[in-house]
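Okay, so chain A shows up in both of these, paired with chain B first and chain C after.
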Partner chain A sequence: MSAAAKPIKPGLVGWFGYLLESAMAVPGAYRDALVRRPRRTIALTALIVFGLLYPILNRQIFQPWNRASTFPLPFPEDAVVTFMIIFAIMAIGLNIVAGFAGLLDLGYVAFYALGAYTAAFFASPHFGSVTFILFSEAPPGFPGIHLPFWILVPLGFLVAATFGVLLGAPTLRLRGDYLAIVTLGFGEIVPVVFKNLSAVNFEFGPIRLVNANLTGGNLGINPIDAPRFFGISFGSNSGIAAVYLGLILLLGAIVVARNLERSRMGRAWMAIREDEVAAEMMGINTVRTKLLAFGLGASFAGVAGVMQASYQGITTSDFFQFSTSILVLIMIILGGIGNIWGVIVGALGLVFLDSTFLPYLGLRFTAINPDLPNPSQFNFLIFGILLVVMMRFRPEGFIPNRQRAAELRHAPPGQAIGSAAVLGEEALADEAKADEIAAEQVAEVEAEAAAAADAEAESATEGDQPR
Partner chain B sequence: MEQIVQTIIIGLANGLIFALVALGYTLVYGIIELINFAHGDVFMLGSFMALVLISSVFALNANTPLLMMVAQILIVLAITMFATAAINVSIERVAYRPLRNAPKLAPLISAIGMSFVLQNIALLIFGPANDSVDSILPRVNVLSLVGIESITISAEQVFVAVVTIPLLLALTWFVSKTRQGKAMRATAQDPDTAGLMGVDVNRTIAITFLIGGALAGAAGVVQILYNNTTVWTLGFRFGLNAFTSAVLGGIGNLQGAVLGAMVLGLINAFSDRYLAANWTNAIVFAVLIGVLVFKPTGLLGQQLADRA
Partner chain C sequence: MTAAPLPTGDLRTGTLPDDAILVRARGVTKRFGGLVAVNAVNFDIPRGAIVSLIGPNGAGKTTFFNMITGAYTPTSGDITFDGHAIVRMAGSKVRSLKPFQVTALGIGRTFQNIRLFGTMSALDNVRVGLHVHLKSHWWDAVLRTPGMRAEEQRSIERGLELLDIVGLSGRADVWARNLPYGDQRRLEIGRALATNPKLLLLDEPTAGMNSSETAEMTDFIRRLRRDFGLTVLLIEHDMRVVMGISDRVTVLDYGEVIAEGTPVEVRANPRVIEAYLGRGAAAEA
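Moving on, here comes the complex of A and B:
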């Protein structure tokens, strides 16, 4: 990242110059990577090209194969691919909270819901008594509030981030497992609120609501405007177009998350994850840092929620269950907590497993014998077993982050429960290893403090410049 | 006035069932600092077991002679408690003990996985719909014996108290007076030192899970005889109520868990009666968040307060 080392000149022109410079540095950096790590670079390029061509290949080749069953495995349809991408965005976001900063969030679905309802409120005929159309391609005079997709995305981002900070501010000083429970509670409250605010009577000053249907209750809100650019729809019946729209959002999410990971903030997150007390001693403002992780992580789910609502054209509170939070958690644990590529693979794989492979398996089973159980009906039995087995045998996931793997394998001394007298030599060996790792961590944090001084300029822009 | 008293009675009866489950959370948290997510689902399995035993195996109904019914309910209680205790101990053995040396969030995630496994096993066996039994206890108002007609205490509510209170007393006695109880308290304070003093830490933890599981089984039987219904998602909702009770009273604190359960039972009953039933869950979670944010040590104070 040689282009990023130079401080950015203020103002719009400065930013434009920075972007241009970065873009111009890409070919050189690519050639450089090709020389230094040829195999990795070529594989990555092939993967990206395949990803970009996949929707077209899928429509032209794979889906006909599905119908003729030439290939033993089923290929996901466009709708499933779109949801793979939506969940990949959420997995990247949860990875910031749980993977980078080490804060377990069991109510992540709340921010997904907030994003979806943001899109539902601001791009649907739901509030029919007002007519407000801004830059949107909705017909003039159409009832309801209508904002275009490119405003909804940052709006969903902001709403989710705001609620993340609001929830985080009082709760982030709690210890890990308590925080998990608080977030779980929040994740349960938000859908209940959306479900119940369907007949509100409220009077305060000039605001007067009589039996107002704010959230659509059990039925939810529909129809929500599909994303439209230059007259082209990117909604659920657009097929490939929606997949590409999702890919653009996913790309943005990857770039933001990668930059956050390597920023001073990212290093601070990891320091807090490893040892909060030591991080604080090294001058990291732990409250502010954790709050930023929480807010930024939440905002990814907000974007995913906007995408879900705009794509499907409907959102109801039933979409946002505790099991969805856990599904995203399984994605990052399966893929490799702390590793962006790992969690993306985890998300793609798990949505594929859930929406395409298990139903397909069920079809095959019933074709053999109608009495056989349908695996898609007890998908969460499989996921539950996966969680237990992963924690037992491979807590770092299938595509692990090396640093995180070391932490997960050996708890810092003093945290683990178990007695030396009972466990004997094994425990002693474990403790020796843990001491080693602790020493490494201290060295790392020290190095970071030294690096902190010259990262000053970088950090000033990175925290508040996510997209 | 009658309505308020009636609501209090309903709340206290609910609270007693919460207390049985909450004690399982608080015992386990006190000793290994793990939120045993699967505990609510152990309770749920216990309720299904009781349902099958009562409706199919013993075929109890309202016409069964009273003495016979008491004897059979005691047998049902014993079988269910034994089975759920066994389930809870096996869960500890399979999902938590191998992670004793892992970071604290690893067993929590494993517990979440276990919770889903138990829920889906119940879903697989009993299906997604609510399962109910007919009320078998006599329909009488106990208070009419002393001449009060306007307020009702049903036989079910008396039954809840008759089963729950002795169990709570027995547990208190066990933890405070017996040698094994002393070992539990020592392990809760400092597992390493307790191990060095000759306490078998693994065995003590297993016994903690055994007791928690047995109490959850008893709560399952009480649930079936009091509310007459169960469903595969019951454990999640009920478990979070019970966990909130444990936190409210000060987690790790046995008396606190019972007190918290009573308070939460009352909150539930009053919210159902005077607000709206569809907001009750949100209110319970708001209480949970409020307690954790403003007073994480709970009403009676946490025994391990410095770790909060």
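Moving on, here comes the complex of A and C:
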């Protein structure tokens, strides 16, 4: 509690001091965790180290072993791991909209597409009639607009957030089902627009477009510049490097989402989720607050889209289908809606299942008998069954948000008081010991981000309650 | 924090000075389709007073509450609060502030059926009430700037203080829905106090309480008025509470004001007796 009493130094110096202090407190917090919950801490540490080293282990040991062995195991490849991370970023974003503020968004893929096309427009030779290279490592005189990755990420963030606000402004007065339907429509419209803006004739004032190919139509835009830093490519051919670049983005996403959750805005979102009328009566501008949730949630998908386009080097409207929106939604529901760690686990697990485990099962099946069904063709059927089973036995998800868990379980008040009090106390200590907890947070963030690289869906069961 | 002196003078004869009136409602009417829920109500709340709004079920009390707080827009009429127009006629149109704007002006309220944020801690419920007075933006939260963290710390301190005032110290970390009923009522008041109101609207604060809890709540409301310099508008069915606590009582029936005055005056008013007990009883009295 002593940390709470410490005066907070204002200004930039204070801020850096806070960051430094938080970083310095990490070892202490870790030692503390090691003493208090040794088994959990050691298990998590092992998992994290394994996750961080996974791309290297994969390349050096697992893949060669798979090639040589008669009985290969489902080790995800670098590309799959990268997409796990991309989807984890999206899941964190959708969790802000659906988990914190309780707004059902069925068209989340639209923002993913907007981010991807932002990267495609501003880092490819697509607009060959102009040559504009800014800070980019593209060769001089190369046709098209070329911005570097570190500009594309905030740009994708801004574009997606802007469209989130544009969509939200007229629609967030709607509630529940109506909002879901409008977002569903938006999610369908955006990819269709990208698909069809391949021959645009348009004249307005000085702007004159004749048969202009804005979006590449069915073919999409290709090639998109790979992320490059100091002459090193982080694209799909780089393998390991892209995974670590994705991890950095994921770490950023986690920090942003965590900080938003523990703020005035986070409380306002939860209040709206709990009781919108009461929230407005208590002085919360509900429309504006929901708009903020919508815009900020969308921006995560924008960043994920930039990563997708830059990583793969191609983006087409076919990547952005309704099923992707649903997939992200399933991720956060299975993982534990409202809990950042939960939704990350959900994203990692589901992408692993979809891209590695089911195809692997298919291979094993056909090896036994070519007539056996291939499970990867029934992926959504399997997700559906998974959802049903989950809703029956653990409706709050793998790593639940405490509040949601309570809502779904309808714990009788008398029984819940004790546990809630203990949990609440933890939460209070959280707030009061801002400094200490921030340190812990950094540790956890690092921990969990590392786990992100991890392929095994076991992390779900392993990290029982890593908040 | 001393008691605000009660205004002297009489509302009906207009001897009360203008600035002594906190809320002035003129000709407020609310129609729901064909039903006139509130009909041309004129209503003044003197600064520092505890005013009760009573009437049989369906008389339009809660509707009137909801118009003061901006939840409903009246069909016609004007409401001013502390010099600000909450509801005003702009030509033939009625303009009403939004509830969150009204709250920012200084009106806090509780609900007839408790509406706490069930799975948020008691402290966080109160801190939601503090929301209007916190200034940090989302980017401050993302960066955890010193200003934002200082503000959060202040909000925790203030929140704990308010919980203490409403008698919930030590329960800061309990989820609102896990609190006993009486504590939930208190927490609602604490949350309303967090918005730093000048006027506190209490919708049936003693509903469902036994007589000792009711007495406690009555004392509590008096203490709030004294300590916070509040003006209180009360909807209440328990006549002992109304008669014991109110400086003035207004009686609504079928959306119209049928009586207005001190508790003693209102109690003797034949129209009030008629509204509550029926014509026969009124004749007997």
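The criterion applied here is as follows: the second predicted complex is superposed on the first by the 347 of 467 C-alpha atoms of A that agree within 3 Å, B and C clash if a C-alpha of one lies under 4 Å from a C-alpha of the other, contacts with A are read in each partner's own complex, and residues count from 1 in each chain.
By definition in this document, a residue touches a chain if its C-beta (ideal position, glycine included) is under 8 Å from a C-beta of that chain, and two chains touch if they have at least 3 such contacts.
As the structure is a prediction and not an experimental result, all values here were calculated from the model.
Peer 1: Touch test for A:A278: chain B only (first), chain C only (second), both, or neither?
Peer 2: So A:A278 only meets chain C here.
Peer 1: Look at A:F378 in the shared chain and tell me whether it touches chain B only, chain C only, both, or neither; answer first, second, both or neither.
Peer 2: A:F378 contacts chain B only, not chain C.
Peer 1: Is A:L361 contacted by the first partner chain B, the second partner chain C, both or neither?
Peer 2: After superposition on chain A, A:L361 lies in contact with neither partner.
Peer 1: May I ask you to decide whether A:A212 touches chain B, chain C, both, or neither, giving the answer as first, second, both or neither?
Peer 2: Neither partner.
Peer 1: Have a look at where A:Y18 lands relative to chain B and chain C in the superposition and call it first, second, both or neither.
Peer 2: A:Y18: touches chain C, not chain B.
Peer 1: Would you sort A:A33 into first (chain B), second (chain C), both or neither based on which partner it touches?
Peer 2: Touch partners of A:A33: none, neither chain B nor chain C.
Peer 1: Applying the touch criterion given at the start, work out whether A:I254 contacts chain B, chain C, both or neither, answering first, second, both or neither.
Peer 2: neither
Peer 1: Of the two partner chains, chain B (first) and chain C (second), which one does A:V165 touch, if any: first, second, both, or neither?
Peer 2: neither
Peer 1: With the two complexes superposed on chain A, say which partner A:K195 touches: chain B (first), chain C (second), both, or neither.
Peer 2: Once the two structures are laid over each other on A, A:K195 reaches chain B alone.
Peer 1: Identify the residues of chain A that lie in both the chain B contact region and the chain C contact region.
Peer 2: Touching chain B in the first complex and chain C in the second, residues 407, 416-417, 420-421, 423, 427 of chain A appear in both lists.
Peer 1: Considering only the defined contacts, which chain B positions touch chain A in the complex?
Peer 2: 32-35, 94-95, 98-110, 112-117, 119-121, 123-124, 191-192, 194-196, 200-202, 236, 240, 243, 247, 276, 278-279, 281-282, 285-286, 288-289, 292-293, 296, 307-308
Peer 1: So in the complex, the part of chain C that touches chain A is made up of which residues?
Peer 2: Where chain C meets chain A, its residues are 69, 71, 98-100, 103-104, 109, 111, 115-121, 123-124, 127-129, 131-132, 134, 136, 138, 140-153, 155-156, 172-175, 177-178, 191-192, 194-195.
Peer 1: Hey, which residues of chain A end up touching chain B in the complex?
Peer 2: Result: residues 102, 104, 106, 170-171, 174-178, 180-182, 184-186, 188-189, 192-193, 195-196, 322-323, 326, 329, 333, 373, 378, 380-381, 383-388, 391-392, 395, 407-412, 415-423, 427, 430 of chain A touch chain B.
Peer 1: Could you pull out which chain A residues touch chain C in their complex?
Peer 2: Listed in rising order, the residues are 4, 8-11, 14-15, 18, 256, 259-260, 262-268, 270-271, 274-275, 277-286, 292, 296, 402-404, 406-407, 413, 416-417, 420-421, 423-425, 427-428, 431-432, 434, 438.
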